[in-house]
Structures are given as structure tokens and as C-alpha cells.
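Please read the structure below before turning to the comments.
Every chain is named by a letter (A, B and C) in the order it is written, and numbering of its residues begins at 1.
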Amino acid sequence: MAELLRTERLAKSFRGLVANQDIDFTLAAGSMRCIIGPNGAGKTTFISMVSGHQRPSAGEIWFKGERITERSVVRRARMGIVRKFQTPMVFDNLSVFENMEIAVLGAKGPAAARRGRIGEVLDLVRMAEIADAPVKNLSHGQKQWLEIGLLIANDAELLLLDEPTAGMTAEETHATGALIRRLIRDLGLSAIIIEHDIAFIRDLHAPVTVLHLGRILVEGTFDEIAGDTQVRDVYLGEA
Amino acid sequence: MSLSRAAGGGRSTPSLGAVVVSENGAAVLTFAVLAGLPLVASDYAVFILPQYMLYGVLAMSLGLFWGFAGILSFGQAAFFALGAYTMGLAMHGGGVAGVIDGAYLGLFLAALGAGALAAAVGYFLFSAGIRDTYFVIITIALSIIAEQLAITQSQITGGGNGMFIDRMMLNLGPLGSFSLEGDAAMYYFVLPIAGLVYLALRRLVGTKFGKVLVGIRENEDRVISLGLDASLYKTAAFALSGALAGFAGALYATHASFIAPSLGGVLFSTEVVVWVAIGGRTSLLGALLGGIVVASLSNYLSAITPEYWQLVLGLLFVAVIVYFKGGVAGALAAMLKARRGRAGEHG
Amino acid sequence: MALGVAADATILTLILALAALGLAVIYGLIGVINLGHGAMLTIGAYVTWACTGAGIPFAAAVVLAGLGVGLVGFALEHLVIRHFYDQPFETLLITWGFFLVTTEVIKIIFGPTLHPVTSPLPAALDLGIITLPAYRVLVAGVAVVLLGGVAALLYRTDLGIRIRAVIQNREVASLLGVDIGAMYKMVFVAGCCLAGIAGALLSPILSVGPYMGNIYLVRSFFVVIVGGIGQILGGTLVGSFLIGGSETIFALLFSQVFAQTIVFALAILILRFRPFGVLTRR
């Protein structure tokens, strides 16, 4: 499979505090990766460097063969790197439909095509019936799904999902996993997912990268990671 | 099916659907009243109203930027004054060898100059990610600079003594030349212009550009993370609002026949903010009427009791900010929404 | 000659620092964009004029001005501002409304004309090489004392620690038992008092009029922003020095009004390239 994303010796420090160091990470197109690790391991900082919200202190990032280390958030989003934040970032004072209207504005093509796209996405995230609902009235889980909907509105390639199931019920979590798998399988998207919910990660059947103290500790399948003594020590040690 | 309802609507904000329909009605009513007013109003009213309509255009320029992009500018007066002085200079200059009328040249240069200045300042600031609150302070400084430049560069502007400008001629080429010296002539020249500006802005906010501005107002970071260059859109919106303000200023100059540096200063910029705040910042009609009505009231009541009216206006301003963020237009819309029951229904 | 210019510039810098200090405290510590700062200076000046007119000695009048503006600030904070701490735009507009209302009230009570306040120290200070206006030297001295006092309070006292804790992290501070509301109120009122004192001290230098304090409004903001928000002592001094100093220099070359234009333009440039102020390392 073609390589979609690659980082080389990626590092980030904030005034002496090392958030990430020596991150060599690759992701193939059309695949998923879960990133786990105790709090402060550098997961969100890593995602921020991929999305462009943080500039790396050292290292390089390649996306589809192009060096994007210095590119702005806007340009990366246009290339297809889209991000879901830890606290849902949607347009709270507008309706679901209005949210999608803004999201599809980045797409090329006539207005009719954009309207069609809104319908498709709303169907995918199962919000077609509540299109006119004000976002304020949505549940936390629904807001997260709306945010995912915003991300896939135009030609997304790499989804960066920061704790997509935080605050969700078990049922919502399960549905989110199904949604993500569908997006990967049917739309050919790729995803990097930061998560804490072990059951969710297991159900995704995706490879896992474990971060600890800013570095990659170990990578492998879920079963390999679950059985890894180093990982267990890190998690138990942190508790 | 909700999709067809959503897809069929050309409105930008279904939750404001009730407002849009009634705004359409209110707009028609407003312009109908304005069109018929000279038949019943006093001579003075017919004389002075074009000025207030131009204030309304100035207010709409702020309404576009503040109401839709969500960024407050205390600098609209600077662009207004720039347009006014440009018009004055162009008309004194007499145009270009009989080919281009001085007045038309003035109108064109006023809009272009003010728009270009706004674009330059906007790009300079927004591309650096200047926060909206800093932007407000900077626009206050810009107004102060504009007023001071108008005072100090007296060889160009006449300084504190101001500048006198003739009424322009409406030169329609083969259709002939019309004098605008008459009050009614000027009135019916300015009114359609105000109407056209209103219509054009209404259409604009329904386009992609308008929707991106709303997105920027609601959550700029999200807009950027979706691949839309927010700072370019903000610059464009600021440039447009500057050009509009300059254009209104140019027309004002030829109507009022006299302009002075205070036209570009902070106090006048404040008035514009007060008009839009009271009229309603998210409604273009609210901004327009805010400009026309509050300015007329100010003129009328100031003659009677200047300090008390300004005091009332100040208190009203604070009350609007604290309790009625949407101004009069917003309050009316809320009342209508409450009366129609749930928001988003066909209305 | 050069010494005279340097002394003038220093005095003007310190006077500007004094005028900006109240805003540095309010904007710098609790993030309130107080567009009513100029009005507060004006109120302080009017209180001083009214008091000295009634025979009260100047020093007492200054104190009364500080207390008076503090009281006004207390009312404003308690009735309105405290509900809007998390909405900077609304606060900005409300404080601007405060300026509009206050200016009109002043015009109604005192009329729109300018009133002179006699200087309590009209003499000149003869230091041999140069002579300086004694009163301005006094004001500059008071500026140094107040700046030092505020800095000492913030960095050397328990109260200061608590205030800085609240600013750094409201949640943690409240968990530790600090009364956030009271802290904010205290800081706001303190900033107002400082503005009142500044306005009072400025009244013999400028003519007391309804818009008197507004000359220092935009300047004070630039001082605080250029110096670095939150850097009460160093920032205010550096900002005042840059803004005030450059204005003095340009005023020698051009007119006073044009000098201000240039300085504002420069401040905007600095802001654009160093939005966190010249002192903050980013």
C-alpha cells in the first residue's frame, strides 16, 4: 500500500519541556492507527504537528511524498489532513445543516454538487433527520459525530481524531467504531486515532502505537500490545 | 424529508428564516416609505435625509463586517472621511480633460482608495493573526490618525477649516446632464443607490463568501482547520466595508458641501458603532435603519437637548450590549420567533 | 541641551507610565479591555478641580480623586462588568459605553468648557545645568513610587501571590480557597483608583475638560501591549519609554500632532510583529 504519512525524527519542546522526541511514524494509505499512552505522553502534541497547529522543533513530515513540515494548517487541510479536536469544535450557534454548509464550502464544483454532498454526509453520520436542529441542543456524542461529518465534507484523506469517543455511552462508542471502519473501508480514508477506551481500540482491529514520555515505546497489533510487559509497566507505573 | 427542506432553502440561516421573510417585508416597506416620503415631508427633511441614508450605507458597511464576520471596527469613519476628501479633491481637480467627469472620478477613487487602504491594513494585520480585540484598538488608533492627518495636512485638506465641495452633476452621457442642486433630485439619486447597496449586500451574505464570514464569526479556528483561509476572507470583508464607507463618504461630501476633519475621528466612528449596535448588527436592514433613524433622532433631539440626548443614547447603547445583543432587529426577530413557536418551521 | 531633552523625555515617560498604570493593572492582570480608562482619568481630574475649588488642599484632593474613581469603578464592576469577564468584546463595548455616559454626565454637571487647575508647585527646579518644572518632577517621582509599590505588592506580598495565582490558573486558585470574584473586584477597583490618582495629578498639566483623559486612552493601550501584557513593572516602563520617548523625539522634528500619528503607526507595526510585547519571549 502506498505510504500516506511519514514523520522522521519528529520532536517538539516547549521552553525546555520535551513533549515529543525522535518520532519515526509511518501510515499507509487507506489504513488506521491508534495512538495510546498515559497522559502527557505527547499524543495530542504529535497530532498537532501533523495537522500544522504546532511547528516541530526538529524533524520532518511527509504527506503523499511531499514535505509538509512548514505548511500552514489551511494548506494541509486542503491537502486532506483534517482534525477532530479533544473538545468538539463545531459551530455551536448554528444548526446542523448550517454547519455542513460551511464545511462543504471548501469543495470545488457547483452549488448543487455541494448540496448533494451535504445530504450524503448527513446520511453517513445519521443526522439527516435533525438537520435543522441547533447544535446547542445536541448531545456530546452527536456533536462529535457532527464534527466528523464536517471533516469528511470535502476530499478528506487523513482523519486525525483526538479521543473521538470521549464522553460517549457504550452504544455510541460502538457506533463510532462502526462509522470509522466504514469511512476507511468505503471512502478509502486513513485515520490516526488517539484513544483511551481499550474496548473501542480492540474492536477497531487496527495497529497500535504506544507513546510514553514523548517517544514511541512500541508498535504492533492490539494483541501484541495488550500482552507487552513494557506497556503494562508504563500504564501501571503511571497509575 | 428534512433533506429536501434543507436543500430547497436558499436562505443562509434557517433558524433566522422567520427574520428573513419578515426582513424582506420590512425592507420593502422601508424603501416604499422612503420613496414616498418627499411627497409628505417638510423641505428640510427632504434636504437632510440623503445624508442619513448615506449614514445608513456607512452603517451597513460596519454591519457587514461586525455582524457577519464578527469583528468590530472603530475605524469606519476614517474610510468615510478618506472617501469624502478624495471626492472633494477630484471635483476640485475637474476630472480628466473632459473625458472622465470629476465627480465620477471622485466616486471611483473614493471607493478604490478606501478599499485599497482597508485591504492593505487588513492584510497586514490579519495575516499576522492579530486578535480581534487588538484589532479594535488598532482601528481606534486609525481613526485618530485619520483625523490628525486631515488636520495637519492642511495644504491638501484645508486642515481645521474644512473643505467646500460643490454638488455634483449627474452626467448620463447621451441622456443628458442633470443638476443635483435640488433637494428632491439629490434625494432620488441617493435613495436608489442605498437600495442597490442593500440588495447587493443581502445577496452577498447568501453566497459562499457570506457563509465563510459567518463561520469565521462563529468559530474561526474551525474554519481554518477546514481548509479555508480565514485571514484572506477577513481582509476581503474589511476591504469591501472600507470601499463602501469611502463611497458613502464621497456622496456625503457632494451632498453636505462641506467636510471637516472630525468626519474621520473616533467620535464619529463611535456613532457608527452605536447606530449598528442599536439597529441590530446581524441584520443589514437593522444596520441601515439604525443609521438613518438614530442619526435623524440625534439631529432632531440634539437641537433641543444635546447633552441629555447623548446621555440617553449612551445608556441605550450600554443597555443594548448588556441585554439586547441583536439590537432592535434582533429583539424583533426574537419576539417573532417566540410567537411562531418552534424555530426552523416554515415561516 | 541634550541633558535637558533627556530629562524632559524621562519625565514624560514616567508621566505616561503613571497614566497607563491603571490600565496595565486592569488589562494586564484581569484582561478587561477598559475603553473607559480615559474617562476614569477625566473623572479624577474633575474631582481634583472641584475639591481644590472648594478649598481642599491639593494632596488631599488627589487622594479623594483616587477614592472617588475607585468608588465609581466599584459600582461599574459590581453592577455590570463582573458578569462579562469571559466576554472580552462585550466588556470592551460596555466600558466604551461607560465613557460615553460619563462624558455626557460631566458635560451636564460641569459644562463643556475647559477648567484650569492651579499647579501646587508652580516653581521651577534649578539643578544648575538644567531647570525642570518642579511639579512635573514631583509627578514623575510619584509615578516611580506607585510603579514600585504596585510591583512590590504583586511580587512581594501574600496578597500579590494570591492575585497572581488567580490570573495564572483560576480553577486551581479557587480550589485552593481563593475568592476569585473578590480578587477580580479588588484588581479592577485598584486599577480605577490608580487611574483616578493619575488623572488628578495630570490636572494641573492639562486643562481639565470632558475629553481630557482620552488623550491617554490609546497611548495607554499601546504602552501596555507594546511593553507586554501582564508585565506590570517592566512592561509599563519599557512601553512608556518606547511610546513616550519616540513621541518626544518626533515632536522635536515635526508637530506634536504629527508626532503622535507617527508613534501610533509605529506602535501598530510593533504590535503586528511582536503581538506579545517587546519584553515577552515567544
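Following the convention adopted for this analysis, contacts are C-beta pairs under 8 Å (C-beta built on N, C-alpha and C of every residue); 3 or more make two chains touch, one makes a residue touch a chain.
Predicted, not measured: the structure shown is a model, and the values here were computed from it.
The chains that touch both chain A and chain B are none; no such chain exists. Farthest chain from chain C, judged by C-alpha centroids: A. Between chain A and chain B, the centres computed from C-alpha atoms are 43 Å apart. In whole angstrom, the spacing between the mean C-alpha positions of chain B and chain C is 34.
Remark: chain A and chain C have CA centroids separated by 47 Å (rounded to whole angstrom). Shown for chain A are the residues in touch with two or more other chains, of which there are none. Against chain B, the residues of chain C that register as touching in their complex are 33, 35, 80, 83, 88-90, 92-94, 96-98, 100-101, 103-105, 107-108, 217-218, 221-222, 225, 255, 257-258, 260-261, 264-265, 267-268, 271-273, 275.
Against chain B, in their complex, chain A makes its touches with residues 51, 73-75, 77-78, 82-83, 89-95, 97-98, 101-103, 105-106, 115, 118-119, 122, 128-134, 150-151, 153-154. On chain B, the positions that touch chain A within their shared complex are 1-3, 5-7, 12-15, 208, 211-212, 214-215, 218-219, 221-230, 343-344. Against chain C, the residues of chain B that register as touching in their complex are 72, 124-125, 128-134, 136-138, 140-141, 144-145, 148-149, 151-152, 270, 273-274, 277, 307-308, 310-311, 313-315, 317-318, 321-322, 325.
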